[in-house]
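Each chain gets a letter, A, B, C, D and E, in the order it is written, and its residues are counted from 1.
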Amino acid sequence: MSSFGIKNEKLAGWNRPPVFESDGEGELLEVAMGPHHPSTHGVFRMDVVLDGERVIKLKPVFGYLHRNHEQLGQTQSYLANMPYTDRLDYFCSLTNNWAYALAVEKLVGQEVPERAEYLRVILAELTRVQNHASTIGFLLQEMGASGTPLMYAFREREKILDLFESLTGSRMMCNYMRFGGCRVDASPAWIEATRKVVAGLPAFVDEFERFLMTNEILMARCQGIGVLRPDLAVNSGISGPMLRASGVNYDIRKVDHYGIYDRFKFRVPLGDHGDIYDRYMVRMLEMRESISILNQALKDLPAGPVMDPKAKIRNFRPKAGESYGRIEAPKGELGFYLISDGSPNPYRYRVRPPSFINLTVLEDMCLGSNVADVVLIFGSVDIVLGEVDR
Amino acid sequence: MLGDGILKGLAETAKNFAGSFVSKERMTTVEYPEERLPLPEAARNFPFLVYDGDDWEKGLRCVACQICEKECPPKCIYIEKSKDKKPDYVGKPQIYPAKFDIDISVCMSCQICVEVCPFEAIKMNTEFELATDDRFGGLLLDRKQLARSNEYYHEIHPTEASEVDARLAEEKAKVEAKAKAAAEAAAAKAAAAPSANTPASAAVAKPQAPVEAKPATAGKAAEIAKAPAMATAASEPKPVPGTGTDGPAPLTAEDQKNAETPAKANAREPKAQGEPKE
Amino acid sequence: MASSPYFSLAVLFVVALGFGLAPLGLAWLWQKVFSPAKPNEIKNAIYECGLQSRGDAWVQFRSAYYLYAIIFLIFDVEAIFLLPFAVAFTGLGAAACVSMLVFVLLLIEGLAWAWAKGVLTWA
Amino acid sequence: MAVDEKLKIELGKQGVMVTTIQELYNWGRRSSIWPMQFGLACCAIEMIATTMARYDLARFGSEVFRPSPRQADLMIISGTVTKKMAPQVVRLYNQMAEPRYVIAMGACAISGGPFKQGYNVLKGIDRYIPVDVHIPGCPPRPEALIQAFMTLQKKIDEQHLTGEGRPRHLDEQAPGEFQVPEFGEHDLDPPSNPGTWTVPKIIQ
Amino acid sequence: MKSVEEIKAAIETAVPGAAVTVIPNPAPNAQHSLLIGAQHGVAVAEFLRDNEELALDYLSNVTGVDYLDKEIPEKVKVTRQVSKTVDGVEQTVDEMVEETRKRVEPGYLEAVYHLFSVAKKHGPVIIRMRTANRTDQVELPSLTPVWRGAEFQEREIFDLFGIVFTGHPDLRRILMWDEFKDHPMRRDYVEPDDFEYEPTAHDEVLKRAQEHKAKVAAGEAVQ
């Protein structure tokens, strides 16, 4: 597979001269890129051992935003957990809701009406577009383009957040899905507004692509940096755009056939080098795929109830049993593992966080690269601390 | 040649810069204090208590059933039942909350209290200018600060409010129809058998909900029926802190007897949504 | 004395000096009168992302870094010396050229050592 | 002695600007509050959204988000302060240059918010450092953050240079150093800084 | 994909002596799991990963679960001396008496592994491993050498539940600070009395506030 048609290979970073072997003269400097650091997307700490500028050892330290989400989950009722899932990955609250609702529906075998399934797909794909746009914006911000790409990405994100707010009531914390459907039906005016925003999205992605794809600085700084081998990726449980950028064809929308994704025709973009540039390209192409899914879903959105009338919201006591439901969240495989013992609150409530596990290979990718590249590699992993530390 | 990628990027930003003088769509900045974005209809920030009529004390729809207090995820609602009763919008004497505090420094504005409230008593407000420097005084809203009139509710959520009013009016009509029917039946019985020994049923004409009434499951506060039956949930009395009494006066027998009927689960019809901001 | 040609220059100098020092004096005065200094050892500690900084920053770096700087310095200073030579080049004899050649070759030899050491390959 | 308003307006009409040092000092400091780049959780995203194109925070003089505490004079605590992060937050506050303000943005920073009942969440940052403005909301809208900015600016405007109304940094008695808690075996010790945190009497 | 019973059979043939039992899952999604003896854990894991038919090369989720000691009341027939007056004479005679005695069944800590296959794209195979009890024998074999994805999740289970994973490359606390002593996600974890005045305290929050007030009154805790 050619690497996305970029012909001038000589610019591609990965055929660089061998890394400068340290002749052991200089001492090692141990520094903490600590909880308060402009590049760490929140409170994440990396203890880095440097030889000059080269990274010799990198130990991530977590826990600065451990808000005991799972312990609270086990003391609250099933319904009261739903608003807490918004705060897991606070960029994509609707996919968190969907993953939790899916796990509970698997626990009790609850069906979801057609219109709710379509609304879930539409909202999940909108979330994916605004998450990927923000991620690329932050990646460029860390590369030095301070502000401009992030401003463009957030201008688009604001439009999508307006849609979320007019439907669910809150910009970021939607608390919209229930076990067996969605809380509020989408009015025809909202559908019309969504169509208008979705119609504007391809122009935004084209503009972003013209803006960034062949930018020499981006290529020089991203190609060949932070390479992740496919077998190490699969063995380390990596999921999402990072896994697909290493060339592994594994997208849970195609593997698990959850929701109604089988009705939509969409492709899964794959990279072949597994470096930062491939992750950037996979996210750009995934945005295009999401836009095509959105168009298909908006075209044949059926009428009908949004909530299964038999579904219980309050006083919900599933019978004893356990269930593991997972979806393809924008950051990877987001799973909820619930063990129920018949009482109104779950016996064990476990969140499988994609960002937390994608960081397993951070050290393998960063060894031998410069400190400035560590910031980029960390940005390309795309983590959110609310989900990492739960 | 080497630099064309960067030039293309610069062309892109130049286009946007030039465009911002021409097309309105590129001017995204909203100068907040002077120029405000119209909040979409479903926007929610903090809850408020709805009251009918003009006197907020009398018109409060809340009957202190404490369901929202139990269901609130961060547990930031505190309700103390009143000892006496006041007639509610149908005229049936109901308990009202003597104290109804919401600690908005804990509230996560998730509107679960609105979803589970069977009496349309609590709705979500859209006021967000609440920055203050006094944590305990300023951020603990009591009953008086939470109460807003029904007209205000119509202002901020027009479609939802009108729908709620329609539902309440229809319930009121149904209850009156029942009451009238029960009154005529009682009058007919009194006329037909003036010496009838069975007194009319309890003063409160307890209308039979059309849905088959299964006896409420005992134990924890059972779910409230959306059916027109006026019902209060029998919830275990809550010890009042600090006052040293072991608990509020036990609920009057009549409330205990009000068996609520666990009706169909879906407590709310889907609310139609107003059109979003253009 | 007032008519000496440099008097206006002196006035200008004094005004410029005052213009520079006056704000500093004002700030120093303000600090002494209004806002008391409150140093403490947490405030003066080294800022390392909010943590107590372990280890020491005075570390012997790899030679590549400071050699790179020194080489730049050499050629920068050399260029300054070449400048007057280049300006007066037409009027100079052969001896001046030979001595300048010795000076330039000496520095080229330094560059050759650095290149061999691999300092210039930045990777 | 304050300049009386009418005289000021009259002179203003003739193009003469009259002000006091205090107004000039306060105007200078409130028009360019540089916040520290200090995002903790979801509220940080709303803070970033506030600095972006639509809700432009640069109009209030806060264009620059300084990463290092030395150059920042406002710390917006946007997100949940956990017990593992609390010592770092207090140390950063200590390391900020003296005229420094704190905005507790969001329910978590004020009182632990929805995560209050957990074992690892600090129930409110005003246990260790004095907070100037609280913004309720989870997360508060970008406009709410701008309104809090304007509240803080009004508060700075009303500060006096001398006398007892003067701010912390002009007052010798006001403590300059705030104790940084250590990690104990079960909880931070001390659990709260008695200097800044007074448990109010139980109202009920 | 093979059903749980077939996988159980395959494991037993491949790894002789491995104690494998099927744990049925009553929920409708029928995700049954396999309880594996701790001493053969790594061998079974390697088999599951390398077997071409199963090819479970992707470890998705590792969860720690804590089951408390359970007291099971039992009806036990026991003969006991009972003083009874037989025809007017006081004498003790042993007599069958039925009494319920509490049998304490030791709780255990459990690690649940969800495995998927990227090669074959088939669904969850769930394996569980249980410790002997909750207090001293809390070791389980670490599966990080088999799947590198388990590294952080096993460290989190060690931090929050206290299962010691033998063979883990660097088993340290990951979420709590290093000086923290106990394991907070265990069912019997008592939170530090970190009292916070809450204006809207009710139910268990109120109970905790009153306990704190009692303690302050008794003079142990500082206000």
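Observations on the model:
Assume contacts are C-beta pairs under 8 Å (C-beta built on N, C-alpha and C of every residue); 3 or more make two chains touch, one makes a residue touch a chain.
These numbers come from a predicted model, not from an experiment.
Least step count on the touch graph, subunit C to subunit D: 1. Note on connectivity: the fewest steps through touching chains from subunit B to subunit C is 2. When every chain is reduced to the mean of its CA atoms, the largest separation from subunit E belongs to C.
Two chain pairs, B-E and A-D, are weighed by contacting C-beta pairs, with A-D ahead. When chain centres are set by their Cα atoms, the one at the greatest distance from subunit A is C.
Chain closest to the overall centre, judged by the mean of its C-alpha atoms against the mean of all protein C-alpha atoms: A.
Once the centre of each chain is set as its mean CA position, subunit C and subunit E turn out to be 66 Å apart. With each centre defined as the average position of its C-alpha atoms, the distance from subunit A to subunit C rounds to 48 Å.
Centroids of subunit A and subunit B (each the mean of its C-alpha atoms) stand 35 Å apart.
Here the spacing of subunit A and subunit E, counted between their Cα centres, is 31 Å.
Each of the following residues of subunit C touches two or more other chains: 49-51. In subunit A, the residues that reach two or more other chains under the touch definition are 34-37, 63, 66, 68, 71, 83-84, 155, 158, 173, 389. Of all residues in subunit D, those that touch two or more other chains are 53-54, 84, 88, 92, 111-112, 114, 116-117, 119-120, 124, 138, 141, 200, 202-203. All chain pairs that count as touching, in label order, are A-B, A-C, A-D, A-E, B-D, B-E, C-D, D-E.
For subunit D in complex with subunit A, the residues that touch the partner chain are 37-42, 44-46, 48-49, 52-54, 67, 79-80, 82, 84-85, 88, 92, 108, 114-115, 117-121, 138-139, 141. Those residues of subunit E that touch subunit B in the complex are listed here as 197-203, 205-206, 209-210. Those residues of subunit D lying in contact with subunit E across their complex are 83-84, 111-112, 116-117, 119-120, 123-124, 183-187, 191, 199-200, 202-203.
Those residues of subunit B lying in contact with subunit A across their complex are 2-6, 8-9, 12-13, 28, 40-44, 67, 71-73, 108-112, 115-116, 124, 220, 222-223, 264-267, 270-278.
Remark: subunit B residues 28-33, 36-37, 45-46, 73-75, 103-109, 128-133, 135-136, 138-139, 240-243 touch subunit D in the complex.
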